[in-house]
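In what follows, subunit A forms one complex with subunit B and a second complex with subunit C.
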Partner chain A sequence: MAVPNANTAPLSEYAGDEVSALVLDPGWSTTRAGFAGEDAPKSVIPTHYGVSSSDSRLFFGENAIHSPQANLQIKNPWSADGIVEDWDTAAKLWEYSITSRLTGPKPTHPEKNGLNDDPNGEAMELDAQEEVEKPLTENPLLMTEPGWNPVKAREKYIEIAMEDWGVPAYWLGRSGVLAAFAAGKASALVVDVGANITSVTPVVDGIMMKKGVQKSPLAGNFVSNQIRAMFKQNQVPLTPHYMVSSKTAVDAGAPSQATYKKFETAPPASYRRLQEERVLTEFKESVVQCWTGPGKLSNGTNEEIAKSQPPRPFEMPDGWNQVFGLDRFKVTEGLFDETAALEDDENAKPTKAQTIPAMIQAALNQVDVDQRPHLLNNVVVTGASSFLPGFNDRLNAELQGMYPSPRIRLSAPGNTIERKYASWIGGSILGSLGSFHQMWISKKEYDEHGANIVEKRCK
Partner chain B sequence: MAQSGIKVAAECVTAYEELKSKKAFRFILFKISDDGKEIVVDETGKEDDWDVFREKLISSKSKDKRGKEGVGARYAVYDFHHTSGEGIVQEKPGLLSWIPDDAGVFVKMTYAGSKEALKMALPGLAADIQASATEDLEYEGSVRPKVFKRL
Partner chain C sequence: MPPFKDDQIIIISPGSETTLAQLGLPESFTPAAFRIRSRMFPGEKAGEWEPNKIRKKGGPGAHGANGSTNGDTEVVYEEDFMSEEGAVWPIAGGKIVNWSCFFALMTHVYNTLNPPFHTPILLIAQPVWTMKDHEKITQFFFERFKMPAFALMDSAVATMYAYGVQSATVIDIGKGKCDVTAISEFLTHEAGRTVALENAGGEAMTKRLLEVIKPKDKHFSRDMAEQLKKSPICEILPVGTQLPGPASGSEEAVSNPAAAASTGAAGSGPGQRDTGTALGAVPLGPGPDTVVGDEANGDDESEGVIDVASIVTGGKMQEYLAKKEREKLEKDKNKKKNAADAAAANIAKPARLPNSKREKGTFMYEDHKLLDTLKEMNLSKGDLAEMRERLDEGPKSKAGTAEETTNGDATSPVASGLAKAGSIKREIEVGTERFQAVSGGILESIADAVHKTITSVEEVNKRSELWDSLIIVGNGAKIRGFKDALMSLLQAKYLISPSSATIFTSELPSTISTPAGTGANTPQPQLGPHGGSGVNPLLLAATTAQNPHMMHPGQSTPASMHSHNMHSSHGQTPTSIKIAKVPEYFPEWKEVGYDESTFLGAQVAAKVLFVVDQGLGKGYMTRNDWNDSGPTGIHDFAI
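Let's turn to the complex of A and B:
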């Protein structure tokens, strides 16, 4: 790609057509990055990373953390509250998501690449060296953030981009607002069902209503844990792929007849857990179902009706297989009804306030009464956990039950890519618009005003 | 400023003033210019028939980022009239944004992300209607109750 030198180019040049902006949408399960103007993020990497327990080296990317190793601990830089916790690693992981697939790493500075080792090689100016070594000096960067990101975290984002990466221009967008826009709505109630967090974001006239933003842990990981609890109750052996070297077909419910891989030292529990999570996602995709309502699964004869639906088979990587009937509904019911959540020593009972219907109610209570019918008419559903079959129907039924009079209307892109990557796509389009160049915070402005400029410019 | 950074051309404000003060038009359609820089006047109309206006919205076309024409979006100011039982006529100019669900994501994003710019440039709008499906363009069933709330 022909790019002008960003350090000398005026703002209009590097934000124009010549250099594409980069768009980075970090989530708990995956980190999405790509060039603005493209239809989908080119770089989607796991947010989990590996740390070597012998020398603390970090490993990023699918391939690096995929194979079982005795000393590779798997971690995630986000906190359970949906805010970055380990900033150092998050910054490195994000940089990797961009440089590994998009921009390529910067060539090592001539002074440092070992070819010019000369005791008198002090001729290079230090300043110049710093400039050259920053990895992302060519493209403006648009990032997304959760609606509850504290001011300190927002400032940290721009600091990392400007100081560590040397980006020439930066902008930070609320992921809820970007998802609303990508659905064609300046006003919407955005329900994002992710991995770590489900959030509800009221957006009015293109502005996020901060007071109204709600979040809860009843998201994809919660459903995974409900499935684990159900497996435990039913003695279902959850066996990840890496443990199996070969399998033979067995009857439903019969013990598996597989050869298992032998490890001198088994990989750490954190590795196994991440690999189990993959099997659980397969289980979600092929077996799990939300009770579609009306009413809760426990109401009246609803369980009987659910039971009468054809059960779904599932086969573990080691060949063990079984069909799942009512249980395939039960593992999602807690998203809507806290009393239905499966409980054991690893699964604490959720509160009513954490359920998705209660969060929507709480969000609406924080917006102007006049706006409520309008938002209920423009509910935008996003996040990969919203692909749970029956999710939208159930959400619709719950909303009809709570708000009988205004018309409820859910909009969820049928297009998988658009639903999964709504915020990234929103950012991709925004960052590619010629008109957007005046929105960027330039390096110069950052230097003049400091990190707090995000508070003023990225509302 | 709206988040897209798209500006509002002066002709939009002029046309709006003419609709308000001189009743020069019944409606004005606005679109984002082909170069993507600003919101411009697409068309003005004097027809009283709501269906004429509605039809124009439904058949509108917009270009995607590659310049390919497809399902379109528009903003509109419509001069809403209502005659009460006592024969008192009320007139209110209202904003209507038409961003249909079946438009492409580029069109949806640019129109949703630029609406605020137009709204802020046109003072005195009595309503702000967000329409995304043809049923939202039914006058009696959907639009009128939103404009004349207390009637």
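Let's turn to the complex of A and C:
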């Protein structure tokens, strides 16, 4: 009688539960994918993709979209509302995010590779259906979705996974809930400041309070646009890296003396915008700051205090450089104070309801009164845009101002990966649990009940 | 399980072009003992692979002479160690494209090493391999070689072991791709990593050379471009360097006012830039009256590169040889005449100029195609040798140049030895195109990848140390001048110069234009805060930043930069770009260079993982682990 070795027994048990599920967390700026159980997504690809304007070929991945080409249009499958708009491309992009770094591609079936498209080929299609090699037949898939995803979109998610990819089992999780999971909380108020959308999600006992979910466009892109508007006001030239072949040091504010690259046909405007965004990201990382409060930037002497802080220099890719003083606070003030937002013909003024404090208030108003103190004690801040220096302090100050009595505690992981990929990590935790296989929708169930099953199973 | 010993460790580092392998760790680490070309030849049956090309000896002609039926013809097979015709390369751009061939290659490598029992294996993984690939490879190794332990290490991490640093940006230029990996404090940043950037490796450079030379010389072949790339005359000049020769103005890399400005034409307006470059052009490059020019004229008669192979197959061999004899005599005559001319005109000989200043250069071309053709012709041994003798120009030139030519070659010692003995060498002359191997965006896309990779590291304060320790490895980077050119481009494009605005005198909020050091007028800044009331923020900045220097505008020194960076973790990078210091304590590596330092790192890592650590840190997967968890278990051990 072999006594189970103390070392091997738990291992084999663990392996018994091991399902190696895939976790896919699509976002506006990046699409994250990886195997459940890992501590960070192994595959992070830009959600932006390139389309060749001559033969409408699609280009995915970091390497493909950054080389300046005359006919490469840069697009994004998401709409401004934070819902997928271009389903065909989104599905391909998501598939790429999984196959490129994780599972490897499967050879495309001759029927699907576009070479054998025949309008009269219906009969052939039918009998070939069985043998179609689908790309993700081996691993269960857990996907995240924004809390405001309409029923149609949710059904589309599972359709893509089941029909196009052939996944054996599927589950759809709300990104807010998963972010709370990642922070180790069953109940929390999740403030997710992303690239395109800032959302506030109340989560109570692991269930999203659907009515309380708030979203607004005051997120990373909003700050970028504020910076653009500020640049326009101050006549700051914004030249992306690809246009410069070498730069020369010049005095602050002096016109740049760089050598510019010559293009026979300049890359399209969408490409330029994406590359400008890289510069703006650097600007956000190294210059921009949130006024930490208390009070708004425009209150009393706050502006004077902000002004007295040392200004930060910034150098453009073409060598133009300048210091930014008060302006570096002003561009983020709109997140909290709608009256402070810069406006021009491209940037409409946000409404009061869109600001982050107002959204939190609105979200809490939808929650049971006795739950509110608990949620305020568990405010989870995630999303890459929350890395703006001073953001948490300001949020804390705003909340203290609005809710003076209960204790407010912000939980924002200092680890950049945990903050940026909170929903993915939550998905990774959930997907690696032994109980995951009780939650998922199997292929058989899907075949029986149809796409609407997500409404019943993934609340 | 007994502990592993130094002499019982296998290291295999597969690459698209060359696979490095070694059995056992020597006292002082040496370059890889085995350099095996990463290719196999299809065997008799599909799915079977041979390490060398098998040629049928006795072709159809021999059959006829024997007069026997097909059934019992005795076909003699001969292994051809040099030819690579019909070879299959299982790895392309780091990716494994042909699994059965890849496994055959690994088996071939393993058999070549001929290890004893109880030998653990360390395999260096390409960054582009997916997690599924890792599982497949692990399964194959455990099932085929039955080794006691297996470790899989990422090539960038291995390079870090070689350099012994904790943070670095590893730029690995391979054959068909380039990987850029930022590793800070031993942590690989997966999210922004540039994996297998296409058209940025040695292959792209060869293609580019072919592309620029082909229009001028239609016989110039890919093979020639490849060998030109490896020859010492092919060089990459730092950004903004003027190409020698008067006809070089057409190149985009040349028109670089930054360089012109830095060479003394500073402050020149856009109109003046061209004159700046033109001035720079005059002293460089020999004019049409020089010896170089004469030689070029003389060579016009030979109409560029000649496709000898086609002449041979066309049956015009004898004529060609006779013509060559004549040419040689003439050339000798010319040379004497030239020498006399040169002496008379008192012009420096072109040979004394450094390569980068010469308009033309010659290199030795090993004509494999010609050799193949000769072999196909079924000549007798004596004939073959004679032909080879007569066609070969190699030995007639100075032995020194021939030596140099093979220096850059990436073939194994054995193979290159054979090549020297059996190959046919011809001299080929090329113009300034030889400096353009990375033009057309190759260098720029690598530089952009470096910038992109480092800026995608989330911790802003870690970026500057990543910029300060760049590691450039890979045989694609071997091309002369590549590293300097990449550095100069990075510096010209991305380096953040100290801002003069952080020095308080330069930015007084005034409407009077202040004369700046460069002579240009500082424009009136229209920045909002400056016009406002209150303390001048710049005055405060200057005082709070503990900047004691009251400097004249425009004369900023790096000191001011440091002070600005000190008071905040935020700030733009890079303020300096440096190459990491190479480890100098391995004399054997010092001689050959550190292009393959990934392998050096692999040796260090193997020592640490298998001998020092003995598996405590879960650095390798043992047979027991394999039995317990199967292929997916490798993810717990892969580094």
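Heads up, the rule we're going with is that the second predicted complex is superposed on the first by the 415 of 459 C-alpha atoms of A that agree within 3 Å, B and C clash if a C-alpha of one lies under 4 Å from a C-alpha of the other, contacts with A are read in each partner's own complex, and residues count from 1 in each chain.
Everything below uses one rule, namely that a residue touches a chain if its C-beta (ideal position, glycine included) is under 8 Å from a C-beta of that chain, and two chains touch if they have at least 3 such contacts.
These numbers were taken from a predicted model, which means no experiment stands behind them.
Within the superposed three-chain model, A:S29 lies out of touch with both subunit B and subunit C [touch as defined at top].
By the touch criterion defined above, A:S386 lies against neither subunit B nor subunit C after alignment on the C-alpha atoms of chain A. Touched residues of subunit A, counted separately for subunit B and subunit C, are more numerous for C. By the document's definition of touching, of the two partners only subunit B reaches A:G206; subunit C does not. In the superposition on chain A, contact of A:K262 is made with subunit C only, not with subunit B. When the shared chain is aligned, subunit B comes close enough to touch A:Q438, but subunit C does not. Judged by the touch definition given at the top, the superposed model places A:K185 against subunit B, while subunit C stays out of reach.
Those residues of subunit B that touch subunit A in the shared complex are 1-7, 35-38, 65, 73, 97, 99-101, 103, 105-113, 115-116, 119, 128, 130, 132.
Remark: subunit A residues 8, 11-12, 15, 18, 20, 30, 35, 38, 40-42, 44, 62-63, 66-67, 99-104, 233-235, 241-242, 244-255, 257-259, 261-262, 278, 281-282, 285-287, 304, 307-315, 317, 319, 321-327, 330, 384, 387, 389, 416-417, 420 touch subunit C in the complex.
Of all residues in subunit A, only 37, 173, 177, 180-187, 205-206, 374, 378, 411, 413, 418, 425-426, 429-430, 432-439 touch subunit B in the complex they form. Here subunit C touches subunit A in the complex through residues 130-133, 190-192, 194-198, 239-240, 252, 255-259, 261-262, 441, 444-445, 448-449, 451-452, 455, 458-460, 489, 492-494, 496-502, 506-507, 516-518, 520, 522-523, 525-530, 532, 534-535, 537-538, 540-541, 544-545, 553-554, 564, 567-568, 570-572, 628-630, 632, 635, going by the rule given at the top.
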